[in-house]
Structure formats: C-alpha cells, structure tokens
Amino acid sequence: MPVLDKAGTQVWHRRTRNESLVRWFGWLLGVAVFVVCWQRISDATTWFFVWDAPRIADDIWTRATPPRWEYITQLGRPIWDTINIATLGTIIALFLAVPVAFLAARNTTPSALIIRPIALLIIVSTRSINSLIWALLLIAIIGPGVLAGVVAIAIRSIGFCAKLLYEAIEEIDIKQVEAITATGASRWQVMAYGIVPQIMPAFAGIAVFRWDINIRESTVLGLVGAGGIGLQLSSSLNVLAWPQVSLILLVILAAVVISEWVSAKVRGAII
Amino acid sequence: MTARLEDMVGTPWRKPPFVRSAALRWTLIVGTIAYLIAAFATIEVDWGRVYIGLERGWQFILGFANPDFTSRGKDIWEGLLESIVMTVAASVVGIAISIPIALGAARNIAPLPVYLVCRAIIAVSRALQEIIVAILLVAIFGFGPLAGFLTLSFATIGFLSKLLAEDIESMDRVQAEAIKASGASWMQWINYGVQPQVMPRLIGLSMYRIDINFRESAILGLVGAGGIGATLNTAFDRYEYNTAAAILLLIIGIVMALEYLSGIIRARVQ
Amino acid sequence: MLRLEKLTKTYKTGDKALTEIDLEVPSGQVLALIGPSGAGKSTMIRCINRLVPPTSGAVWLDDVNITALGSGGLRRARREMGMIFQEYALVERLTVMENVLSGRLGFVGFWRSFLRRYPQSDVDEAFRLLDRVGLLHMADKRADELSGGQRQRVGICRALIQNPKLLLVDEPTASLDPKTSRQIMRLITELCAERGLAAIINIHDVALAQMFVPRVVGLRFGEIVYDGGPTGLTPDKLTEIYGEEDWEATIEKVEDEDAPVEAAE
Amino acid sequence: MLRLEKLTKTYKTGDKALTEIDLEVPSGQVLALIGPSGAGKSTMIRCINRLVPPTSGAVWLDDVNITALGSGGLRRARREMGMIFQEYALVERLTVMENVLSGRLGFVGFWRSFLRRYPQSDVDEAFRLLDRVGLLHMADKRADELSGGQRQRVGICRALIQNPKLLLVDEPTASLDPKTSRQIMRLITELCAERGLAAIINIHDVALAQMFVPRVVGLRFGEIVYDGGPTGLTPDKLTEIYGEEDWEATIEKVEDEDAPVEAAE
Amino acid sequence: QDCPRGDLDERFCDVDGDLVADIPTDPSELVDPDTLIFAYTPVEDPAVYAEAWSDFIDHLSEVTGKDVVFFPVQSNAAQIEAMRSGRLHVAGFNTGSNPLAVNCAGFRPFALMAATDGSFGYEMEIITYPGSGIETIEDIKGGQLAFTSPTSNSGFKAPSAILKAEYGMEAEKDFEPVFSGKHDNSILGVANKDYPAAAIANSVLHRMTEREVVSEDQIVSIYTSQTFPTTGYGTAHNLTPELQDQIRDAFINFEWEGTSLEEEFSKSNEGQFLPMNYKEFWAVIRQIDEANGVSYACE
C-alpha cells in the first residue's frame, strides 16, 4: 500500500518503497546495459572516420550529383524484374500462407496438439529470417537470378501473411459459422460459406500490405545476386559510379512511393 | 423497387460481380493474366542448375540436423554479440528520439509547422530501405557497427514515431482536456493527460521494434555495417552449410525468445 | 416427432446446463421455451442439432437418434432442422440471396455451392421465400446493409429453404425493437402454420410468447418446471420459473396495434 | 463574480453555437443551464475556461478578463475554475489518487508533478476530499476499475482540490443511472454550499435541475431564453426552450427516496 | 597547380618521372595522423586476414609509435576510394588495382612479398572442374566465365586481354562474364560447380588447397599465364616523408620468423618484403591495361 500512516499524517507515494527500489534498480540496470553496448560500438569504431564524415559526405554528394540520367535506359529491365519479384513472390506466399493460417488458427486447426505447433513453427521460422538471408540461401541452392529472388520473397512472406491471417481467422464471428453448420453443410462448405467471406477483407488488406513491403525488399535483393535493380546498385557501387548510384536510389525511392500510393488506393477500394 | 416474383421465378440467378462495369472487369481480368504470363515468361530459370541445387538444398537441410557452432565459433559469438549490442543501443536511442518526434507528428498536439517537419522526417525514414541507408552510412562512417547502429536508430524513428503519433491522434481527447482545465502546463499536460493513454502502445511497439531491429541487424553485415551478417555471408560464400545452419538457428532462437518476451511484457501492460 | 430422452449437458467448465430433460414435441406444434438467463434454453436447442454435443441422453427426430449419428448422418439430420438465431447470424459479406441459398448447402455438392450454381428449383424457392417475407427486391444486397428486422427475415428464409420438419429458434427477437419483434414472431408462427412445421422458440419475453404460442415450456436451472398453455402462467408459476419479482407488468397483455409485415417496406 | 459579456462563439464549421450571451453569476450561486441538444451549453462552459476560444465577447472572473489572458495568466485563471465532465474524463490508467492530485497541477512545478512528490498539504486535502465522497479506500485503485458513480465522485474531488471559486459542470449525470444521478447532484450542491462555491451545471434532466438548484438558465440556439427560479419553468416555458412536446411527465417531481452517498459502498 | 604528372590525377605531381605521385612540397598538405589505417586487398575471408596481419600491425605500431588499425575492406573500389579520400594511410593493393590506386589515389607502392629466395609473383590461371566438358579455352565459348572484379589483374584484366589477343574471344560476345567479387568465391564456385570456369590468381588457389578449403582433384587448370607481380604495399602520398620512411622500414625490416604473417603467407611460399619500384615492376600490367583500353582517369 503506497499510503503510509506516518505519525498520524497519511503520506502518499505513487509506489511503495520496494516497488520504487525495484524500479530504480531496473532503470540502473538498463542504463548500465546501454552504456556497455555503447562502449562496445565505440571500441569497434574508427573515430577518425567519424570526425571525417562530414567531409566525406560532402564529397560523395558532390560526386553523386547530378545523377547520370541517361543510365535510366539500362534500368528498365531491372525495374521490371524487381516488380515481378515482389508481385510473384507475394502471390506465391499468399497461396502457401492460406493453408498454414488455417492450420494455425485455434478455431480451424485439425489438431491443436500436433499440427498447430508445426504451423506456428513454420510461421516463426520463415518470419524471423530476413528476405536477404533467404536470398543468400536460395542463391546457394538454386543459383543466382530472379527465381531466387521470387522464392526468397515468397518464403519470407509466408510467415508474415499467415500470422496476420490466422489472427483474422481467430477473430471471426463464430455465430455465422454455426449458422452454416446448422444447415447441414459439409466441412468444406462451412469453410467456403462461413469462414472465407469473413476473412476476405483481412486477406485483401494483408496481400496489399505485404506487396508494398515486398517492393521495398526486392529493390535490395540484387545486392546478393538475387535479381532486380539491386544488382545494378551493387555493380555501380563496386565501380564507385556515384552518379549512377544516385540515379538508382532515386528510382528506388520513386518505386517505393508509387507502391505505397497504389496500396493505399487499393486498400481504400477494398474497405 | 419493382421486383416481381412472377418475373423472377424460373430465371437463373447469378451472384452480382464484384466489379460492376463489365468492360472494367474484363480489362482487369485480361490485364492480370497478361501480366502474369509476361512476368513468368521473363524469369529465366536454369532448370539444370535448379536440379543440381536440389541436392545442395538437401545438404543444407542436413546442415540443420548437424549445425556446426564450433569451427567459426569465435566469429559467430562476436558477430552475434555485435548484433545484440547494435540492437540494444539502436533501440534505446531510436525510441528516445521517436517519442518527441511522435509528439510533433500528432496533429492534435503539435502546431502545423512542427507537424510538417516531423512528418517529413518520418516519411524520409520510412521510404529508405535499411540496407540502402546502411550502404550510405558505411560509405560515410566506414565499416563497423556504428553504421549499423545509426541505420537501425534511423529506421526505428520512422516506424515508431508514425505508429505512436497515430495512437496519440486517436487518444481520448476529453481526458487530456480535463488535465488542461486544471491549469496544467504543457509538459504536465503531456505527462498526465497523454502519456498514461499511450504508454501501453508505446511499450508494445517498442518491444516489436526491438524484435525487428535484431532481425535487421543480422543482415547489415552484408554491406559491412557490423553484426552477424558478415559471418553468415562468409559461411554461404564458402559453402559451409553447417555453420550457416548454426547461425540461422541462433537467429531464429533469439527472435523466438524476443517474441515470447514481448508477448509477456505486452500482456502485463495490457 | 421430436423426443428428448434424459438429455443432459455438462460443460467442460462444470456448468450443468441441462439435467435429464424429457420432452416430446408432436408434428406441427409450435412451442415456446422460457426461463431466466442461464437456464439452459440455448443449450437445449443446440443440443438438439448437436451444435453442442450432449453429455448423455438421446434426441430422437422421428426414428433417428441424432446423438448417435456419424458425421454424414448428422449432416442429413441437420437438413431436417432449420435454425434461426438471435443475432441473425447471417454471413454478412455475402448477399441476401447467397445467405438464403446457403440453407441448401446440405443438399448440393461442394463445387456447385462454391460456384454458386444452385439448381433452378432452389433458386425459384429462394425467390418465392424472399417474396413471402417481402424482401425480393433486396436479393442482391449485401446482408450487412440490412436492418435488424430485415436480417431476421432473411434468417427465416435460410431456415425454411432447407424444407425442414422442425424449426429451432433461439431468441429471434432479442436484438429487435418491440414492434419488429412482434412482426417477426407473427411471421414465424404464420409460416409454421402454413407449412405444418414444428418449432421450438426460445424466448425471453413472456408476454410475446403468450401472445403467439399454444404451448409454453419453462426451464429453470436446466430442468423443466412448467409445461402447459400460455394461460397457465400465473404469477406464482412465473415466480417459480424466474424467481421473485413483480410480475403484474410483465404478463399484462401487450396491445397488438401493429399491422402484419408488409410485402415491401 | 463571473460575468459573460456578449460572449459569441462561431465554430470553424460555421455553427453558431453562442450568440452574444450576457450572464452574471454572483459568488456562491449554483446555476443550472438547460436546453436542447446543440443549444450551446457545453460550448458556453468551455468558452468560460477557454478550452474553446470564444470568437468575441469577454469573460470576467472577478476583475480578470479571461479572454484576454496570455498562456501563463490563463493557467492561473484555470486554477480558479474547477471543471467536472460528463464522461468523468478521468485519466483511466492513473490511480484515483493521481487523478485527484492532478487537480493541483496548476500549482506545482513540472518535476514535482512528474515525480508525484506533491506537498503534504495537497495530499492531506486529497485524502480529506476522498473521504468526504466516500472513496478513501479506493485511493490506490486505477480509475478504470471504478463504476460510473464512483468515477464522477473522483472527478468532483479533482475539481475541488483546485480550491476553485467556480465550478463548471458539464452534464455530470448523463452517463449515470437515475439513482446515482441524484446522489451526484446532491453531492455537488452540498459541496458548493459547504464551500460557498459558485457553479454552472449543464444538465439535460429538467426535473433533476429543478430539484437541486435555485436558478435555472434556459438556452436555445445559443441564446438565453429563460432565466429564473426552478418553479417558473411552466410547460409553456419549457416548450419555448425545447420545442413542442408533452411536458407533464418531465416536470413531475422525482421522488427522493434514496439515501445520501454512503461513506463506503 | 601546374606540374608534370603523366597519367596521374590532377591533384598529384610527378616531377621526378617515377610515375608515382610525389610527396607534396607544401608542408600544409602533409599529414601526420595519430592513428594509421592499414588495409589489405580483399582477396579472401576478411576474418582470416585480420588475424594474419596482427603481428605485423603490432610491429608497424612499434616502429612508427602510432596506433595502427586494420581496416577490412570489401571491395577494391572501396579501398581505392578510402585512400583517395584520405582515410587509408598504408595499404596493400592487389596487382590489378595498383595502377588505379597510384593514379587516382596517390598510392606510393614500395614493396611486394617475395619468397625467401627472392623470387616473387604469381600466375593467372583459368580453371574448371573435372567433367565440366571444358578441355581447352575455346570450350568456354558460349558459356560462363567467372571473373572476380573489374579492377583485378588476374581476376579480370589479364584474362580479358589474353582471351582477346590469343583466342579472339570477347566478353558478352563469346562468353558470359560473371563477377564473383573475390578470388576464393570464384575458386569455390568452380569447385562446387557453380561456375563452369573462372580466371583466378594461382597464389590464392595454392593457399586454399594448402588450407584444405578445396582439394586438388576438384580443380583442373586449362591455362597458365606469365608471372605477374603480386600485391604491392605502400603509403598514401601525403604522409610526412619521415613517416613514409618509417613505414617503409617497418616493411622491409620486418622479422617474419614465427609471426602470424609467416604462418599464413608461407602457404604461398612467401617470406619477406622485397623493395620494388612501380615503374619497372608494373610495366607488364600497364601494357595489359592498355590492351584492354583501360584509362586511369578517375571516374
């Protein structure tokens, strides 16, 4: 009780002494951890470079401007590839995410003991690994190129989409499902009539949302060789062609802004 | 409405199409199919290579069965530690900077000029992919975790400020007004009227962002910005699948632990 | 036609919702089930079509023991029992017509239903029913665009298109205003009379039950404590069912000033 | 003590909420403000402490023109006016005690308030007030754990701990059941009498206003159309304020059967 | 300012005609940093090399009395860039990057690694894996050939020149060039059959077989070139002359016995730093560049 009776007057503190102590200790610990972390970063940093940074930034800026506009003619194909990686990757991911989501949702899983944990494991493991790492892995397995990019994006997105989707499935109105069940519908019919219409808006929202994210991600997949405009970025960086780099960055920025705009529009249309 | 039963009985019934205009509908359908065909057609696939790769994929899966934590043990340990260090430092700094920016980006709190500036910061931070930011920062600050730390801090600002600002904008205005009516100063108003309302969301978002920051820190090494990514990249380059599998397992493990932890914390603050 | 034999339901949480209920409903009889909240009314209705699996006892529909059926048999048995829900339980993102036709799901195959290619006879029947409840012009509206009373009428069509022998009705009027409530009750009882359907109507509003139904069953703590005509519900009886309260106002006859449901609103 | 001079408020949307209101409230007088929805009651209260900036006109509190104050002066002026809200407007995630003490924010510095280190005199006063409204034992509960009536009592404490000269009360009972409403109205008027506070109470319920308040001001379309004692509110007058309706039921005196707020519930 | 400079970038002068940037005469242009940054050409796993150079770094620090930092670079371009922008003071540039570093970044090379008997250099080899179906250079036609990076000699410049001059084969036209980034990537790529063929430096190959990263039966060599000079070591041009001398001494007089450097580089049979001059030693490389039409203009 934070209210203490001290010599007749009631003293009020927000927290009891012990709570306050624990909190102070927690803060102290947090600060200590941060200081230690900062110390390590600082040790690993060549501070000479940091003091030098403004000069270098200025140097890079002057060399990167103006962008080499004529280079844009060589970017058509990479942009097309980038968009394909994002779009096809998203489509494939959605196809795979739907069954996983149904297996993972508490109210639709066939077996909460065996299958649900497996589905959840798929969701967590695909989600916790960045698409660039998936790309590295797939390049090792199926060789560099657009295909590796598509598959990397697809795998990375499964967990993300399935997670949002199964949360949507768990939130459906069970009454509507019961009503369909009560008509004597089969298991699949219940799915098609009772559940699918209810999660359709969520599904569409997730699809567009993920596509938007995937456009961003696919722009950098090329850095590790998985196709798309990142390939041009990395080769331009390799020869220090800053005017090309700045042009590519502009193009990527434009793609991101447009995709955000498109997804906002589409989402608006769905809801 | 002049729907008459006699007219309708005996006529077939079709579900009204999602897109009403037939022309638009067919344009959409044909356009989509054409796009898909074009897209698939332009993916060059070397099936022979894929076939060889399948065996390698199998080896990789075997690598998971038999992960090798030792032969690059030192690199893995240092890389992982560096990733964690970057995550912690960048999350702390990023969150600390995000809060004032979020306040500035909430239309119901900030005056218009401040609002525009803060929204601009958020927009820039969100538009730039982490990896691209990291490339630029590495070029400017040199290799090492500092570039990664700055990258993650910067990305945290875009993410956290935006969502937090949205939460502030949707807070209960009357509660905040009541504090104002008691003659509170601006800071007191934020502390009593706004902070309690957005605190749970702030904690939830922060936990989520820490999670994201760790995942991102695992790839920044690919462009030289510190962390486990460099070691992972080397392992892939050198076809050391057992080591790569070990690193991936560690990443998955840490991410799962973080997610579990954040679940607990979020449940506690409701 | 419907017979419950020692029907008992104990939920996993330990709630004893029904205790050895015996009840017989002859063909074509409409019966109201009343009782306080938590008495087990909903549970009973759901046990009959096994949306909730009973703990013990049997449910006989004609000469089929529903509690013993396998999943195929259960599907067929459920077709015989149309169900109407309190919150309508329409699939909100489907059109009115799809909602009505979903009542035929027990009769058509998956692909037919998936592609919305129902037999013309089903479609005709759906039109006829919608016309009967005055919603024909709404056929292509989405269910969530309808008002409460309209939704409940769609729910009624969905139940009737199953061509059931028995209607199970769970508080059809609880989310409706008094006037619409009466319209819906009248519609249900009229349709039951037209088609010679038996029905069990779960209802809170005693006055409404008394007004429309020839037989009332009172449930309390999962047991039947009253079974008889509507006039037999004296304040004493009601006290037995609901516990102590002032009953004068409740059983006061509701005046019946409203017109029957019009064909179009 | 409080004087409004040609107070006018036109919202950006063009809604003319108040038109040249002149009103004088002497020290210690409790006044009820009635009027239909949208008449401008809330706007008037909010214009007084400038939660809403008036378009023109002046608000005089003693000899300070509130409409002309800078931000520091406004802070000081707001301390003089306690406000009680319709939906209580407690900060839900703070404790009862923090909510009450937040009434002192105008008096303490930022760090003191940030660290919750209020002067002992404030804490004592908070305890006294909570005891007065019977919520002493709730001091460390979080505000969202309280019932509506309890929350409103906390709201009253928060307003009173400011030690104001004037209470601005915006529909204190709109979210409460009739019995609690009366308790709250009684509490407010009693406290005003004890402390000699003036108050403007915005209220929908004419009967309630008549019961507790010596002066009633009727507002319609942003203009004062009645100003007088509660007994002067004849059906004719009410029709002038609210428009045509059946007033017999409304002004029927509510029976006063409930006990005063007990110290502990 | 106006001075003779040959191919050098505008900001450098070459009055003495040794083809290398002169030390600035204006004392204000000289730098004497507290921390010396050293980078080795990014040929292989950076982790291995940070380790290998550690003893030498200590030695350099001792001789100059300054802190020395090993700076792992990830591409030749970044390395040149770093020296050009003044962030890199001491460096070993690989053979092919040397001319660009000299001309663009003011690099002043003065030593290279040699065997204890004084012999030095390496050969470019074109390799494939057994059973690839490639027996002779001509078989590469229509297929892929892996290079390392465009600034590498053995990894790009030399093979391009040789393929064109001796076999009339040109990249893009007769075969598809792919860049792997590093020699060991190319070698591992061939050993693991990801690339049908690759042009690499055989010194790297020797070290990798020595370390058992690849085995000899995984690789078949189908072409071996003349001998090229290896990585050239030197300083940035604008360090103070005294400092440059100290660094040079540190290299030339380094005691290899029992150091981590010896442990690593003995695998390619190297055991001492040999003084050299760019003008003579790199003549052959400049010829190759000329054949390839490479200009040393920065950007």
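Couple of notes before you dig in:
Going by the order they are written in, the chains are A, B, C, D and E; count residues from 1 in each one.
Keep this in mind: contacts are C-beta pairs under 8 Å (C-beta built on N, C-alpha and C of every residue); 3 or more make two chains touch, one makes a residue touch a chain.
Chain labels with UniProt names: A, B = Putative ABC transporter inner membrane component; C, D = Phosphonates import ATP-binding protein.
Every value quoted in this text rests on a predicted model; they were computed, and no experiment measured them.
Counting C-beta pairs in contact across B-C and across B-E gives the higher total for B-C. Centroid distances from chain C, each centroid being the mean of CA atoms, peak for E. Bringing chain C onto chain D by least-squares fit of CA atoms involves turning it by 175°, to the nearest 5. Note: centroid distance chain C to chain E, computed from Cα atoms, is 86 Å. Spacing of chain A relative to chain D, judged by their CA centroids, is 49 angstrom. Chain A and chain B have centres, each the mean of its CA atoms, that are 4 Å apart. Residue positions 46, 49, 56, 143, 237 of chain A are each in touch with at least two other chains. Multi-chain contact residues of chain D, defined as those touching 2 or more other chains: 98. Along chain E, residues 71, 87 each make contact with two or more other chains.
Pairs of chains meeting the touch criterion are A-B, A-C, A-D, A-E, B-C, B-D, B-E.
Contact residues of chain D toward chain B in the complex are 49, 51, 75-79, 81-83, 85, 87, 89-94, 98, 102-107, 110, 113-114, 155, 158, 162, 168.
Residues of chain B that touch chain C in their complex: 1-5, 8-10, 12-16. Residues of chain B touching chain A in their complex: 35-36, 39-40, 42-46, 49-50, 53-54, 56-57, 60, 81-82, 84-86, 88-89, 92, 127-129, 131-132, 135-136, 139-142, 144-146, 149, 215-216, 218-219, 222-223, 226, 229, 232-233, 236, 239, 241, 244, 248, 251-252, 255-256, 259. By the touch criterion stated above, chain B contacts chain E in their complex at residues 52, 72, 75, 142-143, 224, 230-231, 234, 237-239. Every residue of chain E that touches chain A in the complex is listed here, in rising order: 33-35, 37, 69, 71, 75, 77-78, 80-81, 85-87, 149-150, 179, 194, 299.
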